[in-house]
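Have a look at the structure that comes next, please.
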Amino acid sequence: MNHLLDASAKGVYAIAATPFTAAGDIDWSSVESLVEFYLQCGVQGLTVLGMMGEAQKLSDEEAAELTRHFLRCVDGRVPVIVGVSNPGSSNLVRLSKIAMDAGACGVMIAPLTGLRTEAQIVAYFDDIIAKLGQEIPVVYQDYPQSTQADISAEGFLKIIDAHPSVVMFKHEDCPGLKKLTQIRKACDGVARRYISILVGNGGLYVPQELARGADGIMTGFAYPDMLVSVFTLFSTGRNSEAEDLFDMYLPLVRHEQQPGFGLAVRKEILRRRGAIRSPAVRAPGPKLDAYDLAELDRLLGRLEVRLRESTNGRERVVA
Amino acid sequence: MNHLLDASAKGVYAIAATPFTAAGDIDWSSVESLVEFYLQCGVQGLTVLGMMGEAQKLSDEEAAELTRHFLRCVDGRVPVIVGVSNPGSSNLVRLSKIAMDAGACGVMIAPLTGLRTEAQIVAYFDDIIAKLGQEIPVVYQDYPQSTQADISAEGFLKIIDAHPSVVMFKHEDCPGLKKLTQIRKACDGVARRYISILVGNGGLYVPQELARGADGIMTGFAYPDMLVSVFTLFSTGRNSEAEDLFDMYLPLVRHEQQPGFGLAVRKEILRRRGAIRSPAVRAPGPKLDAYDLAELDRLLGRLEVRLRESTNGRERVVA
Amino acid sequence: MNHLLDASAKGVYAIAATPFTAAGDIDWSSVESLVEFYLQCGVQGLTVLGMMGEAQKLSDEEAAELTRHFLRCVDGRVPVIVGVSNPGSSNLVRLSKIAMDAGACGVMIAPLTGLRTEAQIVAYFDDIIAKLGQEIPVVYQDYPQSTQADISAEGFLKIIDAHPSVVMFKHEDCPGLKKLTQIRKACDGVARRYISILVGNGGLYVPQELARGADGIMTGFAYPDMLVSVFTLFSTGRNSEAEDLFDMYLPLVRHEQQPGFGLAVRKEILRRRGAIRSPAVRAPGPKLDAYDLAELDRLLGRLEVRLRESTNGRERVVA
Amino acid sequence: MNHLLDASAKGVYAIAATPFTAAGDIDWSSVESLVEFYLQCGVQGLTVLGMMGEAQKLSDEEAAELTRHFLRCVDGRVPVIVGVSNPGSSNLVRLSKIAMDAGACGVMIAPLTGLRTEAQIVAYFDDIIAKLGQEIPVVYQDYPQSTQADISAEGFLKIIDAHPSVVMFKHEDCPGLKKLTQIRKACDGVARRYISILVGNGGLYVPQELARGADGIMTGFAYPDMLVSVFTLFSTGRNSEAEDLFDMYLPLVRHEQQPGFGLAVRKEILRRRGAIRSPAVRAPGPKLDAYDLAELDRLLGRLEVRLRESTNGRERVVA
């Protein structure tokens, strides 16, 4: 029986890239190395088929097989969330069942592009959860920059109050710090049941968001080990050290966070770190040119220097 | 003292064009002829400085002077609503006061582009109405195709419940028939105070909307006399005749309803009908080329034939 | 060997609905009756898996099987275009090959949502057509209201000049009459090779667009027989009769053209006409309530009367 | 006679905030102190009435008077660009003339929201520049995240080739590094006339953009002195030191770059630095709550420590 996601989830859930060969096929063996990479980074969980996982470019069969392959590779060592957002509700439900059957701990769903009012978003989740059943844990992905489906804190609370299976809020509205605080206060386990809040936006605001009560980070940044250290330091009250460490990587966080382009940067770094064999982004998608690569060299070189200079590199070896 | 707009408002409120000379200046004398034109058409009210009035291209001084000139020309014969939407709240308030001082019956306000959630829209109206004072009657303009600020029926009801000065709902969401029905039922004068609902969208759905309980029409269609007749027929239970008349004009309603381009068509018709001297749209704006004009000739020729053929043209002379 | 689409294509290409059971499964037997319905209406061709075909809600397997089933039912009696737009290029190519193998005459592709400049759109088509090969005829679907990927006439001509396999322009920009005229003039067979232009937008501007040189109509309006008659009348110089006939149906054309909601109206009419067994729109999708159905009754009743009243209903029986 | 902006412009053009009192009126005396602040920071130029200057919330009279007041305060010590974007071309031209009469060196214009194709953007600039005359230097503001009016490098080059008065490209598309490189290469002074490229986006990518050939920075970041030092270091080949300095401020650059919210942060910092008396953003606009202020305290405290720790704070005192 699966471990099921619940509101106590904490820490770093890396959004897994989908490795492709240069020809654009799924690189199954890189899935294995990528999983080992993430686990060695110490992540608390994984999210597969997220937007950064290029889920929308997979065939149904690829999506199903990739889900199963990831889950086999992880083999229960950490919980795995599967992104299942889809324009068709039947597709969404089918992939959710495949994921849960394969051992996922829950599914992540964004409100559909084209939903224009909060009433429509609430009705959409009512319908989807009725179709899914209350047994499948759900992560609400709040990413209006991509979906154009905006919700206020109070709108989201309607969903929370109606559906116990929604246990996590994936926060990536921007600017969104105020909304994060509102939801944290509203879902504090006293006034209302607690929910887990993980933050995205490529990690750009992690120290501020953890300070505002986020329970962790769900993003695809190519140094999840740094995020794990930052989270651990924060959890043990060493906020300042945590932020020092984060800030060393911030130039890269910012560079990766460029919409679209950043994914190509991220996969190139994963390749350099040995996690995957090819940095290929499936078509249509960006490619790094010689200039982009030299620019990345410089950024990585600067990071290396900075890490070396930090006293004994102590921040790197938290645990 | 002004006549003030209230929830009993009914009928046709023509959205007035702003007449320009070919050189792009306001054509003050055409304002006079245009007002007489609208009044001869039998409209129940006027709305000036609407989007179709090219309000956003006027200078502040022009907006103020145009408001005053319209009100002088109307001289109390029908109520006049003034569109005051503005990115700056102080600008909005100033123009509202100018309008009310000049004799307007109320102001029309759309939620600002950039408001992304219903909570933000509600807060915006809270703030605006606090600044305006409760004495100025307000029309809520629901035009998300232009503002991208969507609101559900239930979101709008929060505004209604908080602000007695909001007395009219300018309906032009599309598709929007269901929302119209929801608001009509909710604001029926029993469960909740009545509000006036006038419909826009260039009049494209007028018969359906009147059947669903709209109180009238607020649009810039170049044959407001037709709209007045349709409204009168509907009001006296002759729905079928009303719709027959409307349908004769529907090819033109549809032609004028093309975003942007339609405004140039509309002003050309107003010119041909003697309401204004030049069809000029202020820059930047569309111009009709020779082909567009010939196309319009054909459409108007067809309308003429159709009206002649209808038995004695009786539908034209309702009242 | 397939009949292949070329620039001489003319007439009415009905965009086929996808019939679902009330439970949301594909209703395979209704596909058969629907095909017979369209053919009896006299359409020159069919387009399957268009946006109105709810293509984005199908699974890959359903899309492939539905394509094959449609093609088996049509059995070569008219050419069939298959909509293959997809966020992933490999998915797009795979479905294209399935379609062509099953006997389609060509594929329809819209520029991807997220392409922001004309240079990006042109590059996207360069890449897609390189992957498809030059043998598969391509229809460019210009529907920026849905894709947000805008192109000017001159931008589109770059694609035409680079790719001989692009033989048809599906026009549904709005306002778009001017662009239609520009492309018609540019691709007149003299200055530049001729391309076929079929118009969409639910048919709302058909008479104006045919007069501007469109070669036909590609839309899902529930009375394709009317569109066939209108096209035939236009083709034989009886433009005025054509427009008279069109205008009789215009109230319904307009009603069906409401975004989203209109699809439910359309399927209900197809059900009433015996073309499909259930009007169900797959989730998430609109449903008609009692009021919507009564409203449609009135509109259809009015159409019936109007057709009866037209002299001997002659317009209906154009050959 | 004015100094006129030309393609040799280099360095930091600070986008000036517009100081308001708590009551929302323009704080004229803070304009003076703000100008002195910017000049003491060593900026090469100023831009007033930019989006971050809340230009769209000013009345015409305020915009004109503010322009004049800024220019009087600057008194020719650095060149001043005035943002004149406006939905109405006549308003745009009038403000441009006011600005040039008052001593501005040029005007900044973004393509209008609602322009959907590059052909429309090019035509818009053709028309605007015809109205302005060729004597007024123009900065093209490429900020599609705000305007939704996207242009490719090649589209922009059409404007450059047609209009010698366009001498500067304000770059803030994102992701936009590739476009920056394309335009830099195309306008290199050999293949085509040189144009000045200043970068925005709150400065988030300054080191990368300078390395790609940008001529400077035009943004409202609250530490323009840092930007000046970074620019100076880069100009003298000390790129690495420049980036070290920049990276120390990056946490704050990122914090200020949050859309909307960031403006309130920026004005609060300007207040703390003594540049303005009140951090008020004019309505409608964000306000910092107690939590936001404490968060900012932490960020500023961290910056202070970091600057102290950097060897002798040498990076701060470039000259």
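Letters A, B, C and D name the chains as they come in the text, with residue numbers starting at 1 for each one.
Here is the rule we use: a residue touches a chain if its C-beta (ideal position, glycine included) is under 8 Å from a C-beta of that chain, and two chains touch if they have at least 3 such contacts.
Since the structure is predicted, the reported quantities are computational estimates derived from the model, not experimental observations.
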To the nearest 5 degrees, please report the angle of the rotation taking chain B's Cα atoms onto chain C. 180
Of all other chains, the one whose Cα centre sits farthest from chain C: D
Round to the nearest whole Å and give the separation of the Cα centres of chain A and chain D. 34
So the centre of each chain is just the mean of its C-alpha atoms; given that, what is the distance between chain A and chain C in Å? 39
Chain C, residues touching no fewer than two other chains: 260
Among line, ring, star, complete and other, which one matches the pattern of chain touches? complete
Sort out for me which residues of chain B touch chain C in the complex. 174-175, 177-178, 181, 204-205, 208, 211-212, 240, 243, 247, 250-251, 254-255, 258-262, 289, 291-292, 295, 298, 302
List the residues on chain D that touch chain B in their complex, please. 24, 54, 56-61, 87-91, 94, 112, 114, 124, 127, 131, 260, 282-284
Provide the residue numbers of chain B that touch chain A in the complex, in ascending order. 116-120, 144, 150-155
